[in-house]
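This is the structure, below, for whatever I ask next.
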Amino acid sequence: MCLAIPGKIKSIETKYGGMVRMAKVSFGGIVKEASLEMLPDAEVDDYVLVHVGVAISKVNEEEAQKTFKYLEEIGELGELGDVDEYLPKPE
Amino acid sequence: MKYLSEYRDPELAKKYLEEIKNTVSRPWSIMEVCGGQTHSLVKNGIIEMLPDKITMIHGPGCPVCVTPLNLIDKAIHLATEKEAILCSFGDMLRVPGSQKSLLQAKAEGADVRILYSPLEAVKIAEENPEKEVVFFAVGFETTAPANALSVVHADRRNVKNYSILASHVLVPPAIKAVMDDKESQIDGFLAAGHVCTIMGNTEYHPLSTKYKVPIVVTGFEPLDVLQGILMVIRQLEQSKSEVENQYARIVREEGNLDAQKVINEVFEVRNQMWRGIGEIPDSGYAVRDKYAGYDAIRKFDIFIDEAPENPLCISGQIMKGIKKPYECSQFGKTCKPENPLGAPMVSSEGACAAYYHFSGMVEI
Amino acid sequence: MPILDFDIITLGHGSGGMLTNKLLDSGVFDLLSNDILDERHDGAFLELHGKIAFSTDSFLVSPIFFPGGNIGELAVNGTVNDLAMCGASPKYLSLSFIIEEGLPVKDFWEILVSIKIACEKAGVKIVTGDTKVVEKGKGDKIFINTSGVGTINPKANIGKKNIQIGDKIIVSGNIASHGMAILSVREGLEFDSEIQSDTTYLNHCVEDLLNNFGTDIHLLTDPTRGGVATVLKEIAEATAVGIEIYQKNLPIDDQVASACELLGLDSLYVANEGLFIAFVSEEKAAVILEKLRQDTKGRNAKIIGTVVANHPKQVVLESAIGGKRVISMLPGEQLPRIC
Amino acid sequence: MPILDFDIITLGHGSGGMLTNKLLDSGVFDLLSNDILDERHDGAFLELHGKIAFSTDSFLVSPIFFPGGNIGELAVNGTVNDLAMCGASPKYLSLSFIIEEGLPVKDFWEILVSIKIACEKAGVKIVTGDTKVVEKGKGDKIFINTSGVGTINPKANIGKKNIQIGDKIIVSGNIASHGMAILSVREGLEFDSEIQSDTTYLNHCVEDLLNNFGTDIHLLTDPTRGGVATVLKEIAEATAVGIEIYQKNLPIDDQVASACELLGLDSLYVANEGLFIAFVSEEKAAVILEKLRQDTKGRNAKIIGTVVANHPKQVVLESAIGGKRVISMLPGEQLPRIC
Amino acid sequence: MKYLSEYRDPELAKKYLEEIKNTVSRPWSIMEVCGGQTHSLVKNGIIEMLPDKITMIHGPGCPVCVTPLNLIDKAIHLATEKEAILCSFGDMLRVPGSQKSLLQAKAEGADVRILYSPLEAVKIAEENPEKEVVFFAVGFETTAPANALSVVHADRRNVKNYSILASHVLVPPAIKAVMDDKESQIDGFLAAGHVCTIMGNTEYHPLSTKYKVPIVVTGFEPLDVLQGILMVIRQLEQSKSEVENQYARIVREEGNLDAQKVINEVFEVRNQMWRGIGEIPDSGYAVRDKYAGYDAIRKFDIFIDEAPENPLCISGQIMKGIKKPYECSQFGKTCKPENPLGAPMVSSEGACAAYYHFSGMVEI
Amino acid sequence: MCLAIPGKIKSIETKYGGMVRMAKVSFGGIVKEASLEMLPDAEVDDYVLVHVGVAISKVNEEEAQKTFKYLEEIGELGELGDVDEYLPKPE
């Protein structure tokens, strides 16, 4: 349920007489509008999670790395080598 | 795409699978509450890659599947008898009502439109002032802010011909209902990452305590799901029952307070019918009186007789993990994706459809 | 564009009377003129030698102009490609319009010009045709049927019966582009992107392969409606072989993949144009792929799967992380999901 | 009729997925089965020898069931007849449906059965096809395109260039029946009558004439849309001959004539089906007519006119009382008049 | 058909033609007022069969042709802006308004329907209670009873969503207008048999007396028209100017009193604009106040600017018989049946179209 | 203008709660409904002239013959012979 994917805010404009902040969000190059009303402090270049046209969360970059480090953390990653290679890279 | 494709890494997936195999020592049943996770499990072929000791149970986590029959009948009534423009998410269209689906109503001439966002529906209402526009507002907590927002937008912009047919379902009461069923045998839960994005994790602590089950708030990509499963199993093997957050890159402990605010502005908690399961206390949202004019049920004063669900369909037991789809007498016989008897056969995340499509058990 | 004293198409243009003649004279016949069409009889007189392939398709696409093309070139390419999939050199097409009253003449003209250009590129002639007009609300701007005939390449032997265990499955380019180009401009779902339909003619590219590799090419088919998944499932069922495909090998444009994520669609079921699937002998698969990738139409070609003896009639996809899932047909059109 | 678990056609049936396959398997393919069609490839593989005729038409008629027939047999007969008009023996047809969502499956089935029967009668095979479904309100129940190929009778030489001064013009039967059968059930204009469309296959009848009279038959054409007047005017303009026709010789059913009076329509402009016009040599006209009248399809045949050197490009009608009028093309569809 | 085909007998037609030839001694111009007679003349090729001394002049007898531009614009406005179901006789559809014809409006999506009878329109209104249904009630006196009857039916059956856009024209004032024009050179008239079927012949006696012209009430079949012409010529040759009734099998001296009653119930006489001719006093019908609710003009309170007619079109002079179509600078050049500048090019009875189609003068 | 043709009344029924007499009229075999409100005394087998769905006149049989006798009457029909052969016959 609840299909939502992360995208990068390309631009922000204010619509409907200043009442609504709408962002153009790029998802791997395709661009769709999303409301920023649930994320009042979201800014251009932020990565946000968008669900049915509404941005509902900013991606936390630090936390984003934990999945790649978890096995290491729980001490089970002897042979994995450089964790960095799995980390999200700037686009 | 950043923050997406990285979580599909095959090498790391293998490590996770290896670690899961190394960790599990006896059989565990884990329910992924959310259809999005079911989708990820089947699409990536994860179920068969897991050790046999782990049984994944597809929970009631598809709002489309649990939307009451009667509400679908009402949506069809609005589209056909009231001649409203009925807007909906795409996956709702194939779900059978008591007589037909929205897709059939559309085939017979109703103006049914598939939208990406409820906010689009408000625009359609503005562009068609002579018509009533109704958005079929289904969803879990994740979708509630967007649906609520559409009402707020319509209200602000004074769009009087807009209303929503609301059918929201809430996850924590559903977990409670599953665990309260004497037959249920669930050992642990993957909680729905996007629901928690809105609501946070606080509601889950009392549940894990009360039912002594680990609950891991989990994302949707292969690595997310695998990590979530590993986290549940590690707890189970260590006899723990805590709430953990696998999906911390998105989910904050308190959720999204702005989203909660708009939900509370428009909706209030009420008892809710779940298709195949029955009424669950405090498990849905009703439109507040303040916005009664945007509540399609009150606006059009529609009453449709409750049609009985198909008695042969055991979808309730399936969604609670008590039975498997192939244990249903109708599975693959009278009940198929192109002619579903119950909701879990409709969307590809429905437990029955997932088995039918992807398991390869059925010769078509 | 010719100067006409009407700017939209009306029922009269389909009545068979003066307006029909005017529309045809100043439009269709003039633009598409060739010896055979110019006869203007109830049918065309042709000379064709040897074995013949014959195919038909009706084209309806909304919107009729979409990123990367329009319904006119789609209609020409579609039948050209179906003939090419038979191992034939397409020669002659019929062209039949069903126009909804109110279509702007300039749109019709633009479509006609695209048809002309598409015919020239593919090297085919429109030799017979038909124009009908339906009342407003009884059509959708314009529907086009093309049928076509072509002569089968003597070196070709195309047929499901030729498929063998071990055959490699080649897809000639990126999948799902056409379907997502259309969806990108579909009301209620639209998004901004650079996604373009890859509607194009495949006949020259296919002829080249057939001339070089003949009967090592066992089957050709274009995965249009229903996408790659549906076409493969149909073949598996019809031939009772098993098919294995590998997600990591599926060529797809990044933006197309992203659009599928956004709308919750599976790219394997999204419609394609200008794309073909070839079942080829295991031994020659590598050289055929190499040859194909030298052609601009095949530069993104990949081997995406293998014909196997296991799981007859089933198509099994190996996911990127190594899991397997069975590919089935969808009950109907894929609908965008939220859950 | 096969037992299906759906009773109307929906978009899913045109999606190319499971429902499409179900509809085709349990309907089209089963019913129309033949070796070539059963291959179910992107096109059909044919063998045809000699010169070939190729024709296409899209059929849209409202209502789809009308007195004397339905759109299915109309679509088969239409292309069969266009090929016959080329002097060809029709052999293979393509069949392409554009169905509006909501069409009852039983209507579709009835149409399919008519298609099958019409094919059997005419001796042609459906060898390739297509099925598309459009949303409600974007079509009109069902549109059918048929295209066809046939081999040209070696004795035939059909073409406008063969027309000579003195040629007699034969019409094979009563005019205006089809158009008035349709109008008799058209909303707002309907009337009770025994008028039936005479949609039928003309190929055997025409073959018989060609075998007997060969090149004495100069031109064949079927006066469908626009009626007899339009077709004659087109020929006069294209060949620069004059044409004279005699009102008193025009064969027409009494009820059809009455219906034309009632609605103020000129029967010369009303659409025909199952009817042809032949331009034949002056010398053989009488025997050709005699032969034609022995065939049930030609039992009402009449010589209605002559090719003349006077008034080139003009068609002149001699009225029953001996007056003359020039026949022109109508600007568009003929509309019922009150004045 | 009885009482129809008998009047097409070629042998008797020849006798009539012979007798006409024998009777006529010098040039006469005869106007057939009615388009139906024009139609018969051209369809049967009678004009060329008449002696050269007889010139037939096609009068303004096509209600479609003389319907004011502005009223067509109003009909289109009703169909497009008011989204009414606009019902009409078929021949009205191609007549150009100032911007477009009803046929073009239909092509652009308006719901324009061709009916055989105005009574059908009342049924359509009953079947479509949510829509406004307007019948474009054009016609001479012949059609007025049927149009009036539709209003009476709607009123009796309480069909509130029905109205008519009335544009009736009356023949006697038109004959007066033709004769009052200084340039006109008409020697005699064939009066319109079907108009007189309703109204009788009494109105014509003062006209024949005042203008000293023979007026023969005439039918529509070849023998009718030929007999009518012969009767006019016999009078002319004998310097008579009387009203005669060639069409007595249908026309009674007093007309149809029941029909006149229903006309008077619904309509009252008013001044009327004739396209190409201008306003003629007392030459049309207005809906009486009693039925104002069925008068589309008042019901919808529509006002459309009067658009100027095409100044190059000399249709007025043509309908009065002062000029021939080929004397118009636009005839066959910018003005053709498929793109008519003026109304007489529209219907096949229009004088310009009749010349264009049937005379063979024009190379298309 | 005013296209109207004669037809024979086949049957009469009363519609709309007895308010309207409607006839089935046969025109050379094709049948259409027409209102008889303008011809209250029309009966089955009468020939009536119908215009846009309304019967507006009964055909007078006697007068119907006059067109065939006119030339004779005005004394110009020496050679015409038996006038009867032109007269409308029963159908």
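Just so it is clear, A, B, C, D, E and F label the chains in written order, and each chain counts residues from 1 on its own.
The criterion applied here is as follows: a contact is a pair of C-beta atoms (placed from the backbone, for glycine too) under 8 Å apart; a residue touches a chain by one contact, two chains touch by 3 or more.
The structure presented is a predicted model; accordingly, all values stated were derived computationally and were not measured.
**Student:** Which chains are in contact with both chain A and chain D?
**Tutor:** Touching chain A as well as chain D, we find B, C.
**Student:** Averaging each chain's C-alpha atoms to get its centre, pick out the one most distant from chain E.
**Tutor:** That would be chain A.
**Student:** Which pair, B-D or A-C, has more C-beta contacts?
**Tutor:** Looking at contacts between chains, A-C has the larger number.
**Student:** Would you kindly say which chain has the C-alpha centre located farthest from the C-alpha centre of chain F?
**Tutor:** Greatest centre separation from chain F goes to chain A.
**Student:** In whole angstrom, how far does the Cα centroid of chain D sit from the Cα centroid of chain F?
**Tutor:** 37
**Student:** Chain E to chain F: how many Å between their CA centres?
**Tutor:** Whole-Å distance between the two chain centres: 22.
**Student:** Taking the mean of the CA coordinates per chain, how far is chain B from chain E in Å?
**Tutor:** Distance between chain centres: 69 Å.
**Student:** Where the CA atoms of chain A average out and where those of chain F average out, how many Å apart are those spots?
**Tutor:** 85
**Student:** Residues of chain F that contact two or more other chains, please.
**Tutor:** Touching at least two other chains: 1-3, 5, 27-28, 32, 51-52.
**Student:** Counting only residues that touch at least 2 other chains, which ones in chain D make the list?
**Tutor:** Each of 10-12, 18-19, 135, 137, 258, 261, 264, 328-332, 337-339 in chain D touches at least two other chains.
**Student:** Find every residue in chain E that makes contact with two or more other chains and list them.
**Tutor:** 1, 4, 9, 35-36, 61-63, 89, 103, 116, 120, 139-140, 143, 337-338, 349, 364
**Student:** For this entry, which pairs of chains touch?
**Tutor:** Pairs flagged as touching, ordered by label: A-B, A-C, B-C, B-D, C-D, C-E, D-E, D-F, E-F.
**Student:** Once bound in the complex, which stretches of chain D touch chain E?
**Tutor:** By the definition above, chain D touches chain E via 187-189, 237, 248, 258, 261, 263-264, 266, 311, 313-314, 316-326, 328-332, 335-339.
**Student:** Flag every residue of chain F that touches chain D in the complex, lowest number first.
**Tutor:** Checking each residue of chain F against chain D gives 1-3, 5, 24, 27-32, 51-52.
**Student:** So in the complex, the part of chain C that touches chain D is made up of which residues?
**Tutor:** Within the complex, chain C touches chain D at residues 10-21, 39-48, 51-58, 60, 62, 81-83, 85-86, 88, 92, 94-98, 127-130, 132, 134-135, 137-140, 143, 145, 147-149, 152, 158-160, 220-222, 224-227, 230, 234, 238, 269, 271, 328-334.
**Student:** Give every residue of chain F touching chain E within the complex, in rising order.
**Tutor:** Chain F residues touching chain E: 1-8, 16, 19-20, 27-28, 32, 35, 37-40, 47, 49, 51-54, 56-57, 59-61, 63-64, 66-68, 70-71, 74, 76-77, 80, 86-91.
**Student:** If you look only at chain B, which of its residues touch chain A in the complex?
**Tutor:** Per the touch definition, chain B meets chain A at residues 1-4, 6-7, 9, 12, 15-16, 19, 22, 34-36, 61-63, 89, 116-120, 139-140, 142-143, 145-146, 149, 153, 156-157, 192, 194-195, 197-198, 223-224, 227, 230, 234, 246, 248-252, 256, 258-259, 262, 349.
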